[in-house]
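Both complexes below contain chain A, partnered by chain B and then by chain C.
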Partner chain A sequence: MIEFKLPSLGADMDEGKLLEWKIQPGATVKRGDIVAIVDTAKAAVDIESWVEGTVHQLLIEVGDKVPVGTPIALLLAPGETAESVAQPAAAVPRRRISPAARQRAAALGVDLASVTGTGPDGAVTLQDVETRAAQTTAPSVDRGAEMRRAIAAAMSRSKREIPHYYLSEAIPLRLALSWLERCNAELPVTERLLPAVLLLKAVAIATRRYPEMNGHWLDGAFRVAPAAHLGVAISLRQGGLIAPALHDVAAKPLDVLMHELADLVRRARAGSLRSSELADPTLTVTNLGEQGCESVFGVIYPPQVALVGFGRVMERPWLEQGKLVAMPSVIASLSGDHRASDGHRGALFLAEIRTLLQQPDTL
Partner chain B sequence: MSRISYREALREALQEAMQRDPRVFLMGEDVGRYGGTYAVSKGLLAEFGPERIRDTPLSELAFVGAGIGAALGGLRPIVEVMTVNFSLLALDQIVNTAATLRHMSGGQCSVPLVIRMTTGAGRQLAAQHSHSLEGWYAHIPGIRVLAPATLEDARGMLWPALEDPDPVILFEHGQLYNVEGELAEGVTVDIRSAKVRRAGRDLTLIAYGGLLGKALEAAEQLAREGIDVEVIDLRVLRPLDDATLLASLAKTHRLVVVDEGWKSGSLAAEVVARLTEQAFYELDAPPVRVCSAEVPIPYAKHLEEAALPQVAVIVAAAHGVCGT
Partner chain C sequence: MDRTALRTVVLATLRTIAPEVEEGELRDDRPLREQIDLDSMDWLNFIIGLHESLQVDIPEADYRELISLNAVLDYLEARLSGAVSAQALSGGKP
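On to the complex of A and B.
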């Protein structure tokens, strides 16, 4: 029997509300299948399965809000049958709700599934029911406020725990942009590449030589990530932002990346991200784009250990072989976690990105 | 008001009863010339003479039986048994005879007998003198079981016990005899009800006898920690005053019962069972019992302390029930 638990999809998520089940008892689930849609403070997310099996029992109902780590479904592993695992199934604990809380909930018409328990062993108490009843009559939750709370929690944690250092480097982009122009000339409008994919790919490749920028600080130690899943900061129309992963950026050709990036942005704004996209980023890239300002120094998203920022691509006065020229360029910045890396390596990392962007045909 | 000890309050109650009713007499081991093992009857022999303050042979079976006979014959005997452990020698008289005669005689005979005995541990008297078996007696229909925990009850419970036409057992906890305090003149108490000794709204803490003091001490500590505890003194172990307990639980929704008896088959078990049966939907957390460790009460001081319910354990139980 496999307990399928609500995954944590980032440092700012501590609970989720079930919006929809995508599986039913008896269904077969493969790795990567969408199991459910869960609402977090930031977005509705498609929760993917990381196991294979047959759905045995759904443990929560639509509308239930449960903490991260709560078992939400039971799956039979391949080879198991409902009979062979009858005992463990019976051992799943019934939710603790005090008799007084049940009675009061019935009287007040409170749905116990929506009540968070604070009593002994997490039991729902009388007080919890009354608190919930008071909330229900209060104005409905402000989505924007929830988003701000989530961002506030994650960013405050970052600034509390992570000793940031900051570096920046102006990167000339004449070669990259002219190469991109030539490529795009041969492509239909819908397939054209944006400078952003070049920047992302350069960052991802640079992490091969500077792996200490790519991974997580967990339990007091740095753990390098096996691949660069770049978190792409995407601002949302209703305010706030989200930084889902573009998976294994270094290994993918630019056209695939462009396609995936466009899809990611679209789905982030539509609120249908997948759980792996929220949980997997190993290094975040924030790109202020054409409407942004010259440079950006970001706050690292814990437990990641670095954030690369790109300001606006613009022409700047530039000295080239003794002459002043107008050079399309971008200011790249690095916010680094000083626990995981030092400024010297950070500088070399930025220089590597700069070098890579001078050879766009190799990206 | 006057300053008085629990022992003196019991003695005053005996004196008053002897003075008020010539049918009343006291008998038991060493109650006369020695003045009582716990000195409760000290001086009474000189005041009332050997006819009414009677030393008995060392046979609980015999002198409790004699008490039953005297009660059947129209007297109002008070029988002192040295400890509840020794009363087991008289179980046949108490359980098979005193408790049953009204029923078996179709109401023709009554046994207006009062038995006083010491109970409880805490004085390094070892396993054969330290047990709390009052819960056993509280199991028996036909007798009333009292546990005076306060000076007021020590002074006031004897007279209504003597007025009861059926057998009454009074349990005096050994650690209470030296407790002193102020007591008003002319107190009267009932032998029917439990009493709220400290009002509170967060938790009902039920105790009796020797543990009432620890329960009140725990409540004071918990009050400083933000938990408002209602302490109830059972006073009457049989028949239990369910109404007072239920009223408190309806207010607090949380229950801790302390009992110096062992948890298995204890009076605490009975209290929890009754309240769960009658007020299941009032409970906001599983009820908890704080009882003695399930061993014969040890002689060694540190082991005896470890075996008995202590304030810290009561406080911890309260926090557990409150989820704090």
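On to the complex of A and C.
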């Protein structure tokens, strides 16, 4: 029997509310199948399965709000049958809530998941519900406020725990941009590439030589990630931001990355992402684009250990073979976690990104 | 298509990307991207949207002409009545 738990949805999302089940008892589930849709502070998230099996029992109902890590369904592993496994219901005790408490909670608009039970075996009593209701001033259902709270929690944790160091490097982009212009002139409008994909690809490839920038700080040690799943910081029109993963960026050609990036931005702004996109980022890239300011020094998204920032691409005075020229360029920055890497390696990492961007046809 | 109809198409396309755009708030003679927060992905989607609704393929080399809503309408009117793009004029080289 497999306990299917609500997976991690990134450092700033610790709970989810079930909007819809996509599976029913008896259904077979493969890796990557969508199991459920769960609402979080930042988006409605398609929860993907990481296991194979047959659905045995659903443990939560639509509308239930549960913390990350809570078992939400029981699956039979391939080869298992319902008869071959021991009484599953006993494995996951349902919370005991007195009918009066349940009624009162509904009347007061109290979320039962947030109530601490003080009755026998942790049962939730009428008194518990009323205590909780008294604690809660105006229950917040405002997505904007919840998102601010989620960002506040993750960024405060980052600045509390991560000793940041910061580096920056001006990178000439004449070669990259003229290469891109030539490519795009041949392409239909729906296939055109944005400079952002070149920047993302260069960062991802650079992590091959500087793996200490790509991974997570967990339990007091750095764990390098096997691939560069770049978190792409996307600002949302209603305010706030989200940085879902573009998977395995180093291995994909630019046209594929462009399609995936466009799709990711569209879905992030529509508020619909996949659980792997929230859980998988190994290194975040923030790109202020054409409208932004000159440079950005970001706050690392824990438990990641680095963040690469790109400011506005613009012409700057540049010395080239003793002559002053107007050079399209970008200021790249690195916010590094000093527990995982040192400034010297960080500087080499930025220099590698610069070198890669001078050979756009190899990206 | 007259200019009023064209304006309606352009605004509808903009609104699929920036739903917060209110028609009354937009000044036709002011730079679009000063009035609406459009990043490079939004801008590309706007160009793709115009391509889909009007069958006009706007080359990158022409983006710099598309400053204000008036400029976009001037450009589209010219292209729809048969004018060639800057890219085509320069022999395909941007």
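FYI, the second predicted complex is superposed on the first by the 318 of 363 C-alpha atoms of A that agree within 3 Å, B and C clash if a C-alpha of one lies under 4 Å from a C-alpha of the other, contacts with A are read in each partner's own complex, and residues count from 1 in each chain.
As a convention for this text, a residue touches a chain if its C-beta (ideal position, glycine included) is under 8 Å from a C-beta of that chain, and two chains touch if they have at least 3 such contacts.
The model shown is predicted, which means the values in this text are computed figures rather than measured ones.
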For this session: Would you sort A:319 into first (chain B), second (chain C), both or neither based on which partner it touches?
Result: neither
For this session: Determine, under the contact definition given at the top, whether A:123 touches first (chain B), second (chain C), both, or neither.
Result: first
For this session: Figure out whether A:221 sits in contact with chain B (first) or chain C (second), or with both, or with neither.
Result: neither
Problem set entry | Partner chain in contact with A:185 - chain B first, chain C second, else both or neither | second
For this session: In the overlay, answer first, second, both or neither for which of chain B and chain C A:98 touches.
Result: first
Exercise. Does chain B (first) or chain C (second) touch A:237, or do both, or does neither?
Worked result: second
Exercise. First (chain B), second (chain C), both or neither: which does A:291 touch?
Worked result: second
Problem set entry | Partner contacting more residues of chain A (chain B vs chain C) | C
Exercise. Which residues of chain A touch chain C in their complex?
Worked result: 181-182, 184-185, 188-190, 192, 194-196, 235, 237, 261-262, 265, 289-291
Exercise. Tell me, which parts of chain C touch chain A in their complex?
Worked result: 18-20, 33, 37-41, 43-45, 47-48, 51, 57-61, 87, 92-94
For this session: Could you please specify the touching residues of chain A with respect to chain B in the complex?
Result: 98-103, 118-120, 123, 125-127
Exercise. In the complex of these two chains, what residues of chain B are touching chain A?
Worked result: 253, 280-286, 320-323
